[in-house]
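The two complexes that follow have chain A in common; it is paired with chain B in the first and with chain C in the second.
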Partner chain A sequence: MSRRPGWLAQHWLAVASPVALLIGWEVASAVGLLREAFFPRPSTVLIHLRRLVTDGTLLAHALPTLSRIGGAFALAAILGVATGLAMGLWRRLREGLDPVFAVIYPIPSVLFLPLVSFLVPRGETALIVTTAATSFFLVAFTTTEGVRQIDPLVVEAARHYGARGRRLFTAVLLPGALPFILTGLRLGLGYALIVVVAVEIVSASRGLGALLWLSWQVLKVEDMYATFLVIAALGAVLSYGLAVLRARLLPWAQDVAER
Partner chain B sequence: MKVVVDDVSVAFDSRGHTVVALDRISLRVAAGEFLCVVGPSGSGKSTLLRVVAGLLRQTSGDVRIEAARPGAPLTAMVFQEHALLPWRTVLANVVFGLENRGVSRAEREARARDMLALVGLSRFARHYPHQLSGGMKQRVGIARALANDPEVLLMDEPFAALDAQTRTIMQEELLRIWASLGTTVIYVTHSLEEALLLGDRVVLMTARPGRVSQVFPVDLGRPRGLEIRGSPAYGVLLEKIWSQLRDEVVRAMDADRDP
Partner chain C sequence: MALAVPLGLLALWELLARLAVVSPRYFPPPSRVSTALVDGFTEGDLGGETLVTLTRLALAFALAAVPAVPLGLLMGMVRPVREAVEPYIAVLFPVPKIALLPFLMILLGVGEPAFVLTGAISAFFQITISTLAGVQTMDPRLLDVGRNYGAQGARLFTRVILPAALPAIFTGLRLGLGLALVAIVAVEFIAAKSGLGHLVYRHWQTLSTPQMYGAFALVGALGLLLTRGLRALQARMLVWQEDPGRL
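The block that comes next holds the complex of A and B.
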């Protein structure tokens, strides 16, 4: 067997393209091709990022965001998986809820904030519920499909070999739907981050979205870009984390997903 | 008699009119017998097997299976498309039925390992189905059925999807396993050659509605291998059954052609 080429040799383009972009940006701002007031050099942004970290500003804004994402994701995951499983198992429920979901789902979640504020306590709870909305629909949709795409022949075979009721659910339907559920959770977590930032821009004094907006309002453009970077990195870490979890939970589905 | 199929009919509604899949079928299978059921497609051979397996309720008539060993399931089916649980390892698939019946872990794993050894898959206990070839998956299907120690082993065209070489090897393997266990087998196939190689008797079914056309004893001696194809008795019997089967196939094709 020949030695496999290293990771960098295989993925050099994935590394080279963002590096080239940053270098191009740096040069363009330095020579005045881009106005530094709006497009500060990446090196300047990094200096500001370091200051935000050391003076504690970043942590003070990141913690509320993380706790909101955590709350919203937990809410969306629990309710979404439960609703999706029920919709996958009972046709009547699916037929009843599908049109309702289809109408609500495409509405940008931020718009729910005023409505939600009437239904639940304003402030933190309203932010979390609003953030959870889109993720909930995504998780519910994918979970429903996850149950429905299980091969009926496999279910029949499982019944034939004595799996009934609760056992059929835990040993067949749940593991059968799990690849879809985890895909839904990964999408849902990504959307929770998108929506939480939007919601924080609209109505929070703390949080990464608030920091971003505040920096822009007072024209601290470097801080705005620094916050951008943090949000992007957070998104990458969350998505990668769930991908790793998926690979560990689903060794049998891994090859298919990576093909 | 191990299995008595008494006057069994199956009818179902298809777009407003009644389709008779099985029309007053009666069959007797002796303990330890290897019975092959042959017929054109649409003759209801799979339907018959599913009724015996309890996967499908007959419209009228009666199926009786003699339960010689208390606690053992009456039937275990080897499905045409293997129908293994993709999220379970080979070993976990084989123990599945025993697990559902509450057999202790040590006992069911010991039993499963015996069966995997019998089908020559001991080294693949920790593999997942998607890592196996078609023939290996079907061996797992056989091991899963045998692990349950059923009164009657049901096989629904188990080798139909395999390539010709693999099929031949699997047929010989099956004969070896059957000779060592002495299980009662009902084997559905559309291949007359396969039926003559494997069966003690061949039941020929008619085109829709499915009836028993004729039953042929296969007096070709045991043990049997591929070499029986060269014997004169084999040729005579093959010709005799084929002349009848051909009429049924032509009738089935004509019936499909009619509006």
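The block that comes next holds the complex of A and C.
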């Protein structure tokens, strides 16, 4: 999205279509074409969003969500990259773990909540570990692929020049797998948001998912829309922000998911 | 090796639970879980609940695929359509679709339409995006060659564009099906009173853990069967494409 002149002329529809939709919605709700009880006017939603921000409600719910995402992402990243590297390097480990992961991975993360709540103390820890589950598998899978796709010639050349052990790892294997690892981290972060909202709906009294659910239960429709807006913004920041960061860090490598 | 590790883990679990090293109340031995599974199918309603989940999944998938593939193709071929629709997809795609459930329940009431539609929306975006990518990333030389040989309009579409986009469409359908399953089971866990997701929740609340793990394993098997099955089908049907990738 560059700002060079002509961008707007080229992409005016991409701007006009959402604007038209919002104006149409506003008018339709105002004249009663849409039921305001279900489709509050965008301007009303903004007023409610402002109130949620100023009275501190939003912050009180956004902070737990952010810290859970942070904790889950850190857990998934550390364990996932370590497991993925190990699986990429040792064939036997990979062949042993592959079928186990293949069965567990497609299970929706929120179902892990009961199991996790037996293993670790209920409450915050259980929420974070559950949120980390799917992200962990994504990171581990992509890291394994990242190690496996390294050109064997490169590894051989490095070996001939005397690189082994730690040096081979830090100078050849890790940089070679890095584009894949970063793609895995990006996907994992996106998943952490998806799962945390579901987990908060089920078993938290604070957090954006909980706020959304509580607003639904008492039928505060405007607050539902406002909360949804915040969740959507968070999703956009997490997924597009990391894509931009990645493009800056690794300008030479295309995003693996976009191939 | 591929079987040894899972079997070894199960045997270890069985042993630890039998020796009460781990609490058999929370981690019942696999043999008891499989007994509960068999009992659930022969005497209980496990078959019925599985069917409920599968029906919801099929409806959601159809509701997503039927509009998403044409929309993706249209977006790929007609620039104004792409420009007008892309902002919504860009904003809504990263949103957890489960967050749409309360809105759908307000609009449609707490019931099947809201549950199924949540699953459908999850799949819809993925299928649209993959289809669009399939059209956009096709080799432009294919188009030129097709045109040079006189293919135009419908013929260009059915002979050149569609076959070129088909692998990506299929990948989108496969990923979409997986996402729909995740969303449906999550919705069942959270809001529905039937289906495998609800079974896990109910048996969690009553601490009937063998049944809980049984339903849990069934969801895993279902997911594995669908994703692996579709990938095998994709490799067979679309022999000209590259490996569909593992995710």
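The working rule: the second predicted complex is superposed on the first by the 236 of 259 C-alpha atoms of A that agree within 3 Å, B and C clash if a C-alpha of one lies under 4 Å from a C-alpha of the other, contacts with A are read in each partner's own complex, and residues count from 1 in each chain.
Quick note on the criterion: a residue touches a chain if its C-beta (ideal position, glycine included) is under 8 Å from a C-beta of that chain, and two chains touch if they have at least 3 such contacts.
Source: prediction; values computed, not measured.
Steric overlap between chain B and chain C is absent once the structures are superposed on chain A; the two fit side by side.
By the touch criterion defined above, A:Ala28 reaches neither chain B nor chain C. Using the contact criterion defined above for the overlaid structures, shared-chain residue A:Ser239 touches chain C, although it does not reach chain B.
Vectors from the Cα centre of chain A to those of chain B and chain C enclose 90° in the overlay, to the nearest 10. Touch criterion met: A:Pro175 reaches chain B, while chain C stays clear of it.
Of the two partners chain B and chain C, more chain A residues are in touch with C.
Of the two partner chains, chain C is the only one that A:Leu193 touches; chain B does not reach it. Once the two complexes are overlaid on the shared chain, A:Leu212 sits against chain C while remaining clear of chain B.
After overlaying the two complexes on the shared chain, residue contacts for A:Pro251 are found with chain B alone; chain C is out of touch. After superposing the two complexes on their shared chain, the closest approach between C-alpha atoms of chain B and chain C is 20 Å.
Counting contacts by the rule stated earlier, no residue of chain A appears in both its interface with chain B and its interface with chain C.
Considering their complex, residues 53-55, 73, 76-77, 79, 81, 83-88, 96-97, 99-101, 128-131, 144, 148 of chain B touch chain A.
Those residues of chain C lying in contact with chain A across their complex are 1-6, 9, 26-27, 80, 83-88, 90-100, 102-103, 105-107, 133, 178, 181-183, 185-186, 189-190, 197, 200-201, 204, 212, 216, 219-224, 226-228, 246-247. For chain A in complex with chain C, the residues that touch the partner chain are 11-18, 38, 92, 95-100, 102-108, 110-111, 113-115, 118, 138, 141-142, 145, 187, 190, 193-195, 197-198, 201-202, 209, 212-213, 215-216, 219, 221, 224, 228, 231-232, 235-236, 238-240, 257-258. Chain A makes touch with chain B in their complex at residues 151, 153-154, 156-164, 167, 171-172, 175-176, 178, 250-253, 255-256.
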